[in-house]
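Labels run A, B, C and D following the written order; every chain starts at residue 1.
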Amino acid sequence: MMEKFDSIKARYTSGEVKSQNLETVIFTEVYGSDPLMVKEACNDAAKIRCELIEGATGVSLTQIKTTRIDNCKLTAEWKILPGIEGKIGSAIIPLGVAGPMKINGQYINEKVYIPLATNEAALVAGVQRGIKAINMSGGLNTLVHFDGMSRAPLIEAPSIAKAHEFINRIKADQSIIEQLKKLCIDPFVKLEKIDPYQLGTKVFLRMIFKTGDAMGMNGVTKASADIVRFILTVMPDWKLITISSNLCTDKKSAHINVLNGRGKSVQTEVFIPEKVLGAVFKKGVNSRSVEKTVFHKCYLGSCYSGTIAGFNVNAANAIAAFYAATGQDLAHVVSSSSCFVQADAKDDGVHFMVSLPCLELATVGGGTGFGTAKEALDLIGCGGYGNSVDDNKNVLRLAEIAAAVVTALDLNTACSQASGYEMADSHVKLARGE
Amino acid sequence: MMEKFDSIKARYTSGEVKSQNLETVIFTEVYGSDPLMVKEACNDAAKIRCELIEGATGVSLTQIKTTRIDNCKLTAEWKILPGIEGKIGSAIIPLGVAGPMKINGQYINEKVYIPLATNEAALVAGVQRGIKAINMSGGLNTLVHFDGMSRAPLIEAPSIAKAHEFINRIKADQSIIEQLKKLCIDPFVKLEKIDPYQLGTKVFLRMIFKTGDAMGMNGVTKASADIVRFILTVMPDWKLITISSNLCTDKKSAHINVLNGRGKSVQTEVFIPEKVLGAVFKKGVNSRSVEKTVFHKCYLGSCYSGTIAGFNVNAANAIAAFYAATGQDLAHVVSSSSCFVQADAKDDGVHFMVSLPCLELATVGGGTGFGTAKEALDLIGCGGYGNSVDDNKNVLRLAEIAAAVVTALDLNTACSQASGYEMADSHVKLARGE
Amino acid sequence: MMEKFDSIKARYTSGEVKSQNLETVIFTEVYGSDPLMVKEACNDAAKIRCELIEGATGVSLTQIKTTRIDNCKLTAEWKILPGIEGKIGSAIIPLGVAGPMKINGQYINEKVYIPLATNEAALVAGVQRGIKAINMSGGLNTLVHFDGMSRAPLIEAPSIAKAHEFINRIKADQSIIEQLKKLCIDPFVKLEKIDPYQLGTKVFLRMIFKTGDAMGMNGVTKASADIVRFILTVMPDWKLITISSNLCTDKKSAHINVLNGRGKSVQTEVFIPEKVLGAVFKKGVNSRSVEKTVFHKCYLGSCYSGTIAGFNVNAANAIAAFYAATGQDLAHVVSSSSCFVQADAKDDGVHFMVSLPCLELATVGGGTGFGTAKEALDLIGCGGYGNSVDDNKNVLRLAEIAAAVVTALDLNTACSQASGYEMADSHVKLARGE
Amino acid sequence: MMEKFDSIKARYTSGEVKSQNLETVIFTEVYGSDPLMVKEACNDAAKIRCELIEGATGVSLTQIKTTRIDNCKLTAEWKILPGIEGKIGSAIIPLGVAGPMKINGQYINEKVYIPLATNEAALVAGVQRGIKAINMSGGLNTLVHFDGMSRAPLIEAPSIAKAHEFINRIKADQSIIEQLKKLCIDPFVKLEKIDPYQLGTKVFLRMIFKTGDAMGMNGVTKASADIVRFILTVMPDWKLITISSNLCTDKKSAHINVLNGRGKSVQTEVFIPEKVLGAVFKKGVNSRSVEKTVFHKCYLGSCYSGTIAGFNVNAANAIAAFYAATGQDLAHVVSSSSCFVQADAKDDGVHFMVSLPCLELATVGGGTGFGTAKEALDLIGCGGYGNSVDDNKNVLRLAEIAAAVVTALDLNTACSQASGYEMADSHVKLARGE
């Protein structure tokens, strides 16, 4: 067996075996295509890649070699898909837990532990303190008010008049949408509507889909391509410019997502009585000081900075840690952290609210189905997926929990800043052990 | 020893031992404060937390329990800092490698392998194809043209006139900056300048620091707080509003970072001859089609979407994968992925350029010093840190490599979209094994 | 009669007669409430105000005193409404004419002269040269693809759940809109739809109305107020926050207007053959150089500047001059000049396109019904108004002409900049007579 | 003489005499080049143009023909420059006056009348009520904290390294600026500094000039062109892309102007005691209700709308009316109305503040030197200009007054909206006489 490995390694080093075939070659030659050995073959390939790199660079990858992640699968043609290409193992990120947190939502009405993967000291502790105040106030109300994944191909009409005419038809004739719906052959991708936009002869077709418990980008990209192919067949004087026009908008901070939603849009609220503020946070924290801090930081400062949706304290920290823990696409932190925070001082407390217009997340697909992410999703009761595209309670529950994490952290950090210098002091302490 | 564990676990479950003390209690009681057992104690604590949660929820955390991450340390008071609070293990993310890529930069002039942690199929392959075209074109030119971490406290003057007067003094009198510099006692945090901004009586002091090879947020937050404390001592009729006003701007997409820079600002360029485009990419890809795709997607579409700095194809994918692999703060993906791409069609090829104004990254601190991230940094020749705040070649090299990864991926995806439907087809294929 | 004037003037100076009653007092006391003398009384009042100010300040208002503007009217209670309060005469702005320009639109298919009021030398000449190129290319195609005026009151729900529930009802139940429609008693204000938006408990009701040939702000403000009053009557636990929430968005540059339209949305296009470019513009101007100039100036530069809808060369110049000539609300220049310009280089010319998403304009109301503005509107065939709210051909034609003016000027200035230094040279020459 | 006119008219109609020569032909042929008859010739030309248009269109321009505006001048070559091209007379806009208002500024410390040209009923009355509250509170504090006009040519370097190198030299070597300064031969245009920005090989040179009492666009455009011409002479491998890159940013709403200032940046503040609010405004108006209205409308609503600098109530109304009255460039309303309003509720009143970062205005040049605008400028003590580029007290005073007008109107409208439905009611009443 070692001989076989050595042979494969030599051929891989010489370029005879290509990186994208390495898993399958090992699987075939070493393990005789035994389906039980798929994961082993994949792991072996990772190690061989590591060794090649170690040899080439002289850098030791000792820890990476010890990691493994079993996200490979066997195709119908008995090839191995390793999950990602060029896999050498896995990256590990510290994982902590906060909570349990009381959430009163549409898809959750209980206390849950919150898994958070982060390298930032003080983050889990911050979420924990926010949870404390929220739990003492009866828990957090949450609701999801939009659910849809978008892709916006861009096509070019022969004239502005033709562009206008086509857009009018799409808007007026529901039967077109029904017809296009049928082009989506994936049962977990359902076209909901098309919002057309015109700039000159250029027509942006922002298509909104339901995608079950999946985040859905791959599915909607394929469906969008199929729809556009069909449209261009029946309108041969039009041209494809791009399958994805950035009006989608994927993985960029964009106002269209804020206004129209993308993924899930979630609202949260909690009324924190004055005495809870006093009990949980430092001196100087009261409903009025929190309101003032939120106004000056999240609005006056953010407006001056020129932001699109950064009207919050530190939503991205919460989103990044929760996404890393639960196997989400980390590039989605960009738009998913779009967030408005409000803190309305009332007579006897602060009405604290968070709006997250474009949370892009999943409980199936990508990194959600295996490893620590799968367990993290199970932990919060979101593992797995529904039986149909419309049965997506798991991901809706996940969205409510994600919003809850943001609320807990932003409440805590707003209060921390309302008290003066605490933020500077506490972060450094926790990070450095001073 | 099991008895001791059982006792601690029981006391932890009952709340007698608090979560933040769990590591230290185990270290003291089980290991007799043996410094060699710090990591073990930390690992034991993670497992005990897992078990408690498993008991409370009925969810099995089998894989999480097998993970460990040795980012703890012992304080001078013989307490254990676990790295992050409530640690239960680690999250694992698939790690792949692309390259080697030829980079002609200021701090790198060689071929490097690119580690990428992602759950997205097709990403590593995409980077790889971009690298192929770049290497065939002689490699990528890169340079860093800004280096500074910012924090912007917000203080309130008694009147607009007093605010104006103070700002004028800060601008005109360099000795004030010199005086404030001395308040930064951390040798790896050096105040460079203060950009003051006024809205009514509110004065935003956007302070720019050098922070060596560290990303620097903790250091500059502490230094900013010390500076503000001093200022408010000498100007007692002024008030602190917040240590961090969102004009910093940290972890939000903000135009001030795009204009003025934050972290590192990097430029890249490569001229891809027409024949390389033809050899590496699909039919239909040429300098003019790439230029048109980039204009329509990255400018016309992005402008219409209402973005701040999303003038690129998919920079966030590259940043997220590279940051996850190298232990960066994942919330920084938000602003670090601010990016302008240009593709100028020339007579015989395309001049492809990428501008990244605000890369926030580090080779020391946070998640960079241990585990797989440390090895990934070593792999690219960026591990560790310099001897002084001004000796930060490692992080500058890291910034050039990060920009190179973005360039490779954006070049590839731009070309993919320029060819028609390839993006839709290839992603789905790689993701699903179709 | 002079005695009467002197008496009134004395009482006005002493404060006994208030400024807002001055017209009516003169009308009554001097002219015995003769309906034929309304305008005279109004003019007299303006002069008396001038004289008082001249006396108070020592500044001579000789020319202002010679101006007059007959925009007053007599109310049913025989009081005079002077048009605006504190009227002292009129401001005069130089008025030029360009054209005639060939426009092939939906509401215009002929050549029209373009009236432009401006103090900027070179502007009319610039429009004229743009028209020349357009006319030589067969005229400009135009179309209007949105027509609706918006106002967005902001109300507060008792909870996020109540807010969500109400929004769902508005979206789902068309009968609510029908019911609310009936609250619009003004026959020239018709509710089309309500787009609701939620941030926490705050509900923004962005209401879209048809307003005939009027710009419509006053009408929709009143209608919105009536609708909100009704809603708050039936939902007494809700509160009014503001009648106008800035999500309207009126007179601010805002992306929501760009995406959803406000007033009229207009597209234009013209294909300028290479030989026309060569004949009309300077050396160096060709389809490719125009495309490059437009990309670099209107996209790369504008994106870097952090703009919302400034993706054009100088749309605001055209809008301001045309609005001042035709009696529009000049504060509407802000959002009405939101504009995307495209210049696609083709084999034998440039496809030049302009998109104006939010032109707010009128042919009735405000400054449109009298004086030079009325004649300017007549000149372009847009004077007066239709018989019903749906009969608004005049204002739609006006919108097409406004877009044509922008196109002519932007084409000219793009070509001017594509040729090198011409802009700098020509402006100064025309402005200074060098 | 009539014969001469008829002859010229006939030749003009036939195209023999071109529009741009009409004034000079009349001046020469009819008036024998008598310098006293320049204005008459210009007026005659306007009438002839009117008559031609009337003949061609059948539309009567009776009122336009009666207007005249004497902004023409005779060149050294004895040609007439009519001010603007194709002049047919003038547009008239109703002119009202508010005040006098007490302003405590740097360049004004007295009460002034405010001239406002507008077609909007209720605007002058609104300013008047705002003034009332401000005067009762001791007047408005104002200050100017930036003064500089910008133009940003865009040039292209042969490589990113060359671009970077040049930018570094400009930043580091003050002698370059000194050298370039000498290229500005106009004594009223003085280069202050150059802010360079890099995107790939593209270098934006944002040049800031002092321009005396002039708004300065023409002067700085010429100076920028001269500077760029020089730079390209000494760096022949660089290319001019455009003289004006939209990073200037002229006449578009852009964040760079908000952050860095353009024209003049002005701050205002007034503390309105609770009892003044009660005395001047309607029931329900108090410091807290004004603060809440400003937060919800100017921040929450504006942020949601996706604005760049629309954080105000209705600044554009004030700017447009004041600019139309005083002969400013009306296209500058776009960026000049960029505005942040703050209303901080204090124990016994509201601290009301306005920040206007980019007021572009003048007391010399353009429309400021003649007609009603000249008198309006004289009325407020701003007519004419200083002896040198650094002596610009007139325009700085004008900027303070402009900011005062915005403050008065925004205060009034904020209070109007804080009281409930007043805005809807009052506007309609004043506009319609109901």
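Keep this in mind: contacts are C-beta pairs under 8 Å (C-beta built on N, C-alpha and C of every residue); 3 or more make two chains touch, one makes a residue touch a chain.
Quantities reported herein were computed from a predicted structural model and do not represent experimental measurements.
K.L.:
Measuring between mean CA coordinates, which chain is farthest from chain A?
P.N.:
Between chain A and every other chain, the largest centroid distance is to D.
K.L.:
I want to compare two interfaces, A-D and C-D. Which one has more contacting C-beta pairs?
P.N.:
Most C-beta pairs in contact, of the two: C-D.
K.L.:
Quick check: how many Å separate the C-alpha centres of chain C and chain D?
P.N.:
Measuring from centre to centre gives 17 Å for this pair.
K.L.:
How big is the gap, in whole Å, between where the Cα atoms of chain A centre and where those of chain D centre?
P.N.:
Spacing between the chain centres: roughly 46 Å.
K.L.:
In chain B, what residues contact two or more other chains?
P.N.:
Residue numbers touching two or more other chains: 197, 199, 202, 255-256, 258-259, 300, 302, 304, 306, 308, 340, 342.
K.L.:
Can you name the residues of chain D that touch chain A in the complex?
P.N.:
Touching chain A from chain D are residues 255, 258-259, 295, 299-300, 302-304, 306, 308, 311, 340, 342.
K.L.:
Which residues of chain D touch chain B once you look at their complex with the stated criterion?
P.N.:
For this pair, the touching residues of chain D are 141, 143, 145, 159-161, 163-164, 167, 197-202, 255-256, 259, 267-269, 306, 340, 342, 351, 353-355.
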